[in-house]
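Chain nomenclature is as follows: A, B and C, assigned in order of appearance, with residue numbering initiated at 1 for each chain independently.
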Amino acid sequence: MGTRRYQFVACLVGALALVGAACAPEEQKAAEFTPGPLGAVTVEPGAPIKIGLIQAISGDTASLGQDQVRAVEIAIEDKGGNLLEQHPIRTQVEDDLCKAEGGTTAGQKLAADPQIVAVVGSSCSGAAVPAMEILSGKGIVMISGSNTSPRLTSDLRGKQGDAYKLGYLRTAHNDIIQGLAAANFAFQKLGAKRAATIHDGDPYTEGLANAFGSSFKELGGTISLATAISKGDTDMRPVLTEVAASKPDVVFFPIFQPEADFIVKQAKGFPLLADTKKLFGADGLLSDTFIVIGQTEGMYFSGPATPTGATYQELVAKYEKKFGEKPIQAFHAHAYDAVNMIFAAIEKSAVKESNGTVHIDRQKLIDAMHATKDYQGLTGTLTCDKFGDCADAKIDVVQNTPTEKTIDQVRGNVLFTFDPPETG
Amino acid sequence: MTATGELAAIDFVPAPKAGPRAIRLGLVGGAVAVFVSVNGMVEAFSGRLLLGSLALGEALLLSVPLLIGYLAGRPEPVLEGFTARRPGWRNVLAGLVAGLASGVTLALFVVLVASFDIRGVFLNATPELVRDGPRILTFGLELGAGLGLLLGLYVALGGAGGVLQVLPGRFRRAVLTALGWVAGLALMQPAVAQVLRGIQQELRIWTAPLTDFLYDASGALSVPGIATIAAAAFCLQLLASRQHRKPVRTRLEQLPDRSRRILRVAILAAVLLLLGLLPQVIGPFLSEVLNIAGIFLLMALGLNIVVGFAGLLDLGYVAFFAVGAYTTALLTSPQSSVGVGWVFWLAVPFVILAAAVSGLMVGTPVLRMRGDYLAIVTLGFGEIARLLFISDWLKPWFGGAQGIIQVGDISLGPVQIRTPEAFFYVLFVFVLLAAYATYALQDSRIGRAWMAMREDEAVAEAMGVNIVTAKLSAFIVGAVLAGFGGALFATKIGSVFPHSFNVIVSITVLVVIIVGGMASVPGVVLGTLVLVGLPELLREFEEYRFLIYGALLIFMMLKRPEGFIPSGRRAEELHEQEVAQDEWLVAGAPETGATDADRDEPN
Amino acid sequence: MARTNLVPPGPVVGKRAFQLPIVDGFLWLVRIAAIALILVGATRSIASARLSGQQWRDLVVFGIAQGSVYALVALGYTMVYGVLRFINFAHGEVFMIGAMTGYFVTDGLARTALWEAAPFLSLFIALICCMTVSALVALLLERVAYRPLRGAPRLIPFITAIGASFFLQYTMASLFGTSVKSYPEVEVLTGSFTLLGFRVLRVHLLVIVAALVIMAGLYLYVEKTKAGKAMRAVSEDQETAKLMGINVDRTIARVFGVGGAMAGAAGLLFGLVFQNVFFLSGFLPGIKAFTAAVLGGIGNIPGAAVGGLTLGMVESMGPSLVLVGLGIPAAHQLKDVVAFVTLVLVLIFRPTGILGERVSEDRG
């Protein structure tokens, strides 16, 4: 028996001495700090504050996640690498593969670490659904810079999305806004009465095409054809034959490369679609490799408004210096804002002890995040609603004309900016 | 090398041509080294410290000459009846030559990258490899010095590989075991650390400090750690391979019946106890990995019946997985089109029904098709299922691209199964049931009918096997097991999206059962753990995962076509040919490269 | 035509599965339902006058062009299958590497004066490069991944083929990046002309003509040359062929080489038609081409052509003709469903494919 007791004591001593924070019992500090219903993170003096990242960093959507991971790195550098004076900020990046099962694995991995304070992610809405459920169950706050599905938050009319869970927020716009913006542009600015939509079976493109369709109909237009292709298709001529036969004034296809390449290249052969001013894409196509295609000249694109202002230019400059290329996707600024909102909320809600130990109450952190109001971010003035939509959702419609050579110039060629009316 | 010709004449051994072989191997090794450099692997892994301050990228680069030297130093194959040459300086020399050839190849590449910018075509041939920053290929040195070091290391390591061949077999195996353990523990650092910490937390055994002893703060194996592991593995392997030692099995067989029974019960109890504690010890993330593997295991056990027992090559197995998942989602999610929001267990009978019906629907049209026709048609069915679930047409029922969310959790009485640890137990029960069913079916009348059908359909039918019943029942049983997998998948993730059900799932399951060992339950279990579980753990290989996976598949099939743990019968079949070849070699036929195509198995 | 069958006639496989009247009845029901649905859909589609006659004719041309590419890739599958009874799953990747090579060669040539001056010569150079590279990859594949396994149960080389497929895909991705590579414009191939009321894009004409020429060449090669005779002999019986003094290894390697060259040519044509290639471009066309090979009757060279054309036509016409007529929304999303359902239906009617002889599996 003696040896066992010795083992037990040795284990405790060993754990305290060697493993430090990971094994340290939290009850010691209970006297001074009472955690809320969701628990709290206790950070020892000098120990790091850990932020998790759930992003798609491999596969065909890798650029979406990569872009945001880089933005978070820059945000941490801008913060000086430390939070609350002496706690270094550490990140842990988990790949969500842009899929629900990837979101589950990534969520479980982060949820398993009790030191994770908050999570920036996910990249894709499909991965957000399970990840949100897991993280919400642990009281971990999660904020995404690129999820846009309405079901993750709300329909902006007060109806909670069916996937919404407490602790979820986002700085990306809600699809409903982009659908509305694109429909407004097509109907009012272009004077289109008939529109065709094409999606590729991806939840993002399908959601956006449908949002566009319903807004366009509400405005009084007609959806001449709502069709779809499959990822991996190359021969778009049959489907374009159908699209042309429906005689649309504009074709909205918020899909990705390479399928969109095939559409624009093959549309040239159809007299009814040869005018590239009838082609209308979305932010998934605002990339250098797409706009160099000759047939995209004249095409319109909708997407989140590119931030302006000196602070944003600074971010781009740092990005280029650090990673050797210009930002590769549209959501780096959103991720930058998201992680800075986390920092602000941590600073607001953390309780410090005299010896430097910090307690971050999870419930208080979530409340602090939701209380974000008129936060001056790169993407605008952010105010969070009760379902977690924080974006200052300005949507730009830009056009690719012969004078625009780079993606930045295209992004700068704004024809229309949609600033949604305040909704309940 | 020049002496080999004379020696050969004296020993009556066909001229071994060790020199050209070493150079050829060296060039292959050089090509591999250039390949991993130019495709960015070396650079991508240069941030992950593996052994002390040696990064994974450099370890990869340096393992090439070691391996090539080892292969080049291998004694020539000798026909039976001839005496093998004693290992000696020739093996070391072959290793050195091979290492030199590899090193020269890589050095040429370094010079190429240093003098030209080939990044326009080869995206990952970054200047960091040679010119700027860390200069990985020249170890941070100037070009000349770096090349010298590179060549020196390659020759030395190639020679070291050759030296291994000179060691007596026992010692060689012990060295290889030690190398394997060090590499394995270094790569598996996160999992090992977690398990050691988990053991301490759950069992109160003082293991966590071991982690700190073995690993640095950066996650690399520490120098004392390397020494300890290598020494332990070396000694254990040496002890285990003592010559006078009897194999464990024979010792067991010598025990009296009663003790054997007791021993068996004890082992079973210990295994169950361990498995019971397992999820608690390994923590939620590793449990999650086990759960993923477990779901694939359910599917693999099902496909094992269809392919392994009945010999029906099904490439669309994911269809049944999807049917199970969607049935569960429809019946348990309050958000679905059915919207009843039942508890999981109520949905299970419907999962069985839906899977069985879909098994029949796929099985009936393909009754007359065999072999590869069957493969492509079932692959088609898999794609049809996915496309129907994703389609706008059936969106009112299945939710289209947006899938179905809020799938119900499993509940056991008042307990909701939410955590991966709890889920593990549920899954474990299902897997046990599936494994039991597999064993029971194997020895049943229908199981024998399947195997007869697999061997020869016409003969089986002539012997009175009802082919229609046998085929359809195989499809149905397989479909139901995959359906269970789908049901558990849906409730584990909590949502169902059509994108989860693509052809890669079918292919993975097929690969698992063949690499594991077809028609063998332990083989399938091991195959799943290795091919599904390990990639989840070795996340650091990210974008190179499929590259390595593909290369390993080829290697595995070439080296061990019967799989990890083959079923007895199948192994015999595969070795029949070797036996035949040996006989033929003994007979002394002069020609090589004979093929024996008639031994093809009809499936 | 049937003489070109690389698969010898063997015992009948069909018929004997029909023991239960229920199964038989079910299959008849499926056949009747399928025909009824197709007829209803087609009638309603045509009656609705949604598409003009010109547009229907366009769809036919699109189908033939797509089918020609499928047919060329299908040849590789069919030849290897005919000789080795094995699905070379990595053949789609050989095709993709051909298309990738085509990108690098045309992109390089487009920067020289030759591109403008002699476009057809440039394309011919590209064609030779693509065929060579693809053939080399196919030969390497055969040597490393398949030859050591000759005589092993058929599933084992199938698994190495899957491994090789992953390996080749991600080799290309890691060497040349995952981005989509865009072929340069070919001036002479833009535009269209009208032929017998069919509006044909020039690039489509090139594809169709090239496919016809290549397939005719292959037909002559297999039928008339000594090497072709050796292939047919090996396909009949390897053992006997060996006794007759045929070098089986070399013949099989040659089959892979020729099949690879066909895939390389198909890759270039694919690149010219669709002007895009990336590392996953081979996967789906590979599966489709295999479907085409089975549809036409695997192991049969004219069958590959017929299967490819059928599949191309079905994919192009099917959704518009049948599905839209049946009132199914977003019909083109279900293009592949139409393709695979056609495969199932054809095999229910003719278990050995359209041109397939009775396939024997009792040897291999």
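Everything that follows uses one rule, which is that contacts are C-beta pairs under 8 Å (C-beta built on N, C-alpha and C of every residue); 3 or more make two chains touch, one makes a residue touch a chain.
Please read all numbers here as calculations on a predicted model, not as lab measurements.
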Query raised in the report: Chain adjacency by touch: line, ring, star, complete or other shape?
Result: complete
Query - Chain centroid nearest the full-protein CA centroid - result: B
**Report entry** Between the pairs B-C and A-C, the one where more C-beta pairs touch
**Finding:** B-C
Query raised in the report: Cα centroid separation between chain A and chain B, in whole Å?
Result: 35
Query raised in the report: Can you give the whole-Å distance between the Cα centres of chain B and chain C?
Result: 31
Query - Centre-of-Cα separation between chain C and chain A, whole angstrom - result: 41
Report task. For chain B, write out the residues touching at least two other chains, lowest number first. Result -> 387, 390-392, 543
Report task. Identify all positions of chain C at which a residue touches two or more other chains, and write them in rising order. Result -> 329-331, 333, 336
Requested in this report: Please list all residues of chain A that touch 2 or more other chains.
Outcome: 62, 201, 226, 228, 230
Query - Contact footprint of chain B on chain A as seen in their complex - result: 7-8, 10-11, 14-15, 18-19, 22-23, 57-58, 62, 95, 99-101, 104-105, 108-109, 111-112, 126, 129-130, 133, 137, 149, 151, 162-163, 199, 201-203, 205-207, 226, 228, 230
Report task. Sort out for me which residues of chain C touch chain A in the complex. Result -> 50-52, 55, 58-59, 62-63, 66, 178-180, 182, 185, 192, 201, 270, 274-276, 278, 280-281, 283-285, 315-317, 319-320, 324, 329-333, 335-336
Requested in this report: Would you mind writing out the residues of chain A in touch with chain C in their complex?
Outcome: 60, 62, 201, 226-230, 232-235, 237-239, 241-242, 244-245, 257-258, 261-262, 265, 269, 289, 292-294
Query raised in the report: In their shared complex, at which residues does chain B touch chain C?
Result: 35, 38-41, 121-124, 307, 313, 364-373, 375-377, 379-381, 383-384, 387-388, 390-393, 456, 458, 461, 466-468, 471, 503, 507, 510-511, 514-515, 518, 543-544, 546-547, 549-554, 557-558, 561, 573-574, 577, 593, 595-603
Report task. Under the touch definition given earlier, write down the residues of chain B that touch chain A in their complex. Result -> 197, 200-201, 204-206, 208-209, 212, 283-285, 288-289, 292, 335, 387, 390-392, 400-403, 405-406, 418, 420, 489, 492-500, 536, 539, 542-543, 545
